[in-house]
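In the two assemblies presented below, chain A is common to both, partnered first by chain B and then by chain C.
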Partner chain A sequence: MRNGSKVKVTVFHCINVFSEGDSRLAAKGENVELKFVRLPCSSLVKDVFLLRAFEAGADAVVVLVCPEGACRYVEGNLRAKKRVQWVRSLLDEIGMDGNRLALFNLPPGDSSDAKPIIQKVLAQIGTTPQAELSDRPPAGQA
Partner chain B sequence: MPKKYHIPTKTAPPRFHPVGKYTTVEFRENCAGSCRMCVKKNCVYNIFTENMLHASTMAEPEYLYTCMSCFRCIQECTRGIFSRAINPDYRTLGDDYWCSDILHRLWYQAHTGKVPVSGAGYRGPFVAPGFDSMWTDMSEIVRPTRDGIHGREYINTCFELSRRVTRLEFNPDMSLASAVPPILELPLPLLFRLSPDLMINEHLLVPMARAAQVLGTLMFVRPQDVTPALSPYAHSLIPCLTEADFKEHGAMIGNSRVVELADAPGIEKVFNAIRNIQPEILLMVGIPLDSRAASRAADLSLTGVDSLHFYADEHGNELNAASPRFLKEMVREVHLKLVENSIRQKINLVFSGGIAMAEHMAKAIICGADAVTADHALLIALECRLCGRCRDGLSCPVKLDEPLDMQWGSARIVNLIGAWQNQLLELMGAMGIREARRLRGEVGRSMWFEDLEREHFGPLFGERKVSGLG
Partner chain C sequence: MIVAEQKPMAEIKELVAPYKKVLILGCGTCVKTCFAGGEDEVAVMASALRLAFKVDGKEIHVEEQTVERQCEDEFIQESAPAIARNEAVLSLACGAGVQAMARRFKSTPLLPGVNTTFIGVLEKPGLFTEECSGCGDCKLAVFGGICPFTRCAKKLLNGPCGGSQNGKCEVSAETDCAWHLIIERLTALGQMDNLRTYIPPKNWRASLAAGPRRLFREDHVI
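Presenting the complex of A and B:
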């Protein structure tokens, strides 16, 4: 995270989780810029898109997928999970800290359900220097 | 037999990858083309190969812009792992009138110049507001000839912008005694007009004017938008002037065939002044399409005006009304008012606003218009996404605010109008009408939902309590 600039978080989400992202998901007064990327199914999250988000300046990338076993396209969320794990290992390998990328399972609903998750991610990257980010993922995280 | 009016179309690919409608979702990962009969190779429309270059940039998931939704790939995949999903960004294109399907089809027509087809057929509602509550009677449809629409007998799509004399008088020596006004016949009942609601600049106007010249139609322009780059196309322009400023634009009037004056009380008093500048000029009056439009049309038709041009809003709705009526009702009202006053044959009616598809052109003519104007459709042909960023002073995602290749731009517009003309010919052929002027006001060749509902369900369920379509 760069001092003095906004924290950028890119959220990839399946439209079956929620259809429209709401930039007000970050708490009031927080210096955060949220970018939502809607996907018809989370299986369309390719590793290159996740890496591109970091390349475009994201401090963290969050992938929100349907609960396991509830994917409309059978295994879309499982495939997304595999890719996220793969990209996390890549990030670790190049010293960027894989914890900046996280995947969460969310039941279908509106985007407000994602608020605690965004808050959790923000708290993690906003309060902890990059090198000291916790290894322990939040509940439900891949 | 006269030479057929033919629009030369030529493929003009988009500069930016359009927002594709479909993507392919694969249920499982155990494929990788291992069956060697991958349906992606066998697509009859070749969409996967065409999309390869874009897909290789990995800029977005594989959204397929040219997919015809025939679903052959889903049906024929040997592993049964294919499914189609709709791009979420596609759903948010445009607005409730200029919806994503209309934008997508307009892009396709501007790209290929071909009539759009859809393998999945029509899956929309049976009836919807606007032009979708009106159907054309296709009872004369026959098996297309071997040559398709071009093999049919001649179908004339011409209309006139000039005033007509209803009765000719002759001298005793049989020479013509009546003064016959100049005649201006255009080959297609469609004029161009770039709406000031969105973007207007020279980079857009020049290709449009060139396309108008190629097609033999005319384009409305505001005098402040006319630049020296448009001077080669002056013959294809209709300057939109006012009572106050027409004297400043004498040169423009001298170079034009038609001029439009904004409606104002006593506007007929300046007709002679304009005809003194250019005696052969045709006069058109621009009138807002509101509740007074019909009575104003009746008044102006008694003056020396040649045509009347009515402006609805961008969605084809009546202006200045709390619950606006749609274009088709408004066209009908104006047309019938002139019929009632026995003056409809003398002048021509052109309507602007809400013409988004080829069928709208035919339906507006059936309601009583002589011609319509294409506005937003022209911008969409140049890849506009109707995102509205230009209204907020933001940059255009498809760079319409920067210079563009004039040849490419005019080819896109010619392609779009070529596809529209083919659809008009199809419609008229199926309706058994061989002359666009014969189609005007021919409501007997159409069916209206309100009438059908009243006639068929009215006796069973009584009158509809809620106005409008449910």
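Presenting the complex of A and C:
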């Protein structure tokens, strides 16, 4: 991580999991810049949205969905899970580390679980924020 | 439809590497339906390429466009201005689309972003299966609408091999036995007598064995 820079995390979440205000409180005081994208259902988290979050500078992207079997729209969280798995493999393929993207199931309305989840993801990517990727010398140069 | 799948990113990166301005051109027909080269896939490919080049410390400008069909000149014409702005085109169309583009835009490098695999159908969500070999001599009326040329692993034309089990092919347990399906279908249609018709060995001259095929419709020529 570059000195003084905040780690940027984009959180896509189903509005049935928790409200945006709750999640802001969960991350208060952290050296983390959180950006929330509220979705009426997690199934709307298209693969290109996840990639564009990284393009916009996110060091990590977290997708928070309802527990399996508890999706209001039956299978939305399962679709989100499949899509996240696919994008993780794509990130690995392009050398970005799929661990930067993670999906977690949260009990509806319980935002207290969001903070440890975000910390867990940050711990995984803590030594390689995306900001450093663009600082690498071009291929073939020292 | 023509079914295709995207090439691995490593291969695409290698194809695109010599260029700094690339148009990713999708096709809104077959490859869109099989999730290989429609508008959504173009957007994902563009984003993934930008990120991949950023990881490598390189710069690339990626433009996105999708036309209705890349295999027809009247549809690809609309991509001309975007092609003029870029050094190369990464086409997510089938091989016919890529070649139609290459014929139309003679001075622009055309890079294939997908592997064209077969003529098939969406059997169930996420599963595409080959149904037609494009052999040029269709006998589906005899076989109740199920093609043993394509769907029988042994390409048997005069009855099953006897090796299938529970309706599955002995070559691959994931594949339905084409002859099991043919007999079920002909039974339902009351056309089992069709199987008394001897089918001679396939004349492959109507297929690719005689080189690239042509279809000429004189009635469409003035």
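FYI, the second predicted complex is superposed on the first by the 111 of 142 C-alpha atoms of A that agree within 3 Å, B and C clash if a C-alpha of one lies under 4 Å from a C-alpha of the other, contacts with A are read in each partner's own complex, and residues count from 1 in each chain.
Going forward, a contact is a pair of C-beta atoms (placed from the backbone, for glycine too) under 8 Å apart; a residue touches a chain by one contact, two chains touch by 3 or more.
Treat the numbers as computed from the prediction; the structure is a model and nothing was measured.
Asks: Going by the contact rule set out at the top, does A:94 touch chain B (first), chain C (second), both, or neither?
Replies: second
Asks: Quick check on the superposed pair: does A:44 touch chain B, chain C, both, or neither? Answer first, second, both or neither.
Replies: first
Asks: Just chain B (first), just chain C (second), both, or neither: which does A:54 touch?
Replies: Touch status of A:54: second partner only.
Asks: Figure out whether A:74 sits in contact with chain B (first) or chain C (second), or with both, or with neither.
Replies: First partner only.
Asks: After the superposition on A, what does A:15 contact: first (chain B), second (chain C), both or neither?
Replies: first
Asks: Please report the chain A residues shared by its interface with chain B and its interface with chain C.
Replies: 46, 48, 52
Asks: With touch defined as at the start, can you tell me which chain C residues reach chain A in the complex?
Replies: Residue list for chain C touching chain A: 8-10, 13, 40, 43-44, 47-48, 50-52, 54-58.
Asks: Using the touch definition up top, name the residues of chain B that touch chain A in the complex.
Replies: Checking each residue of chain B against chain A gives 23, 25-29, 58, 60-61, 83, 85-89.
Asks: Which chain A residues qualify as touching chain B in the complex?
Replies: These residues of chain A touch chain B: 15, 19, 38-41, 43-44, 46, 48-49, 52, 73-76, 79.
Asks: Note which residues of chain A are touching chain C in the complex, please.
Replies: Interface residues on chain A, with respect to chain C: 46-48, 51-52, 54-55, 90-91, 93-96, 133-134, 136-139, 141.
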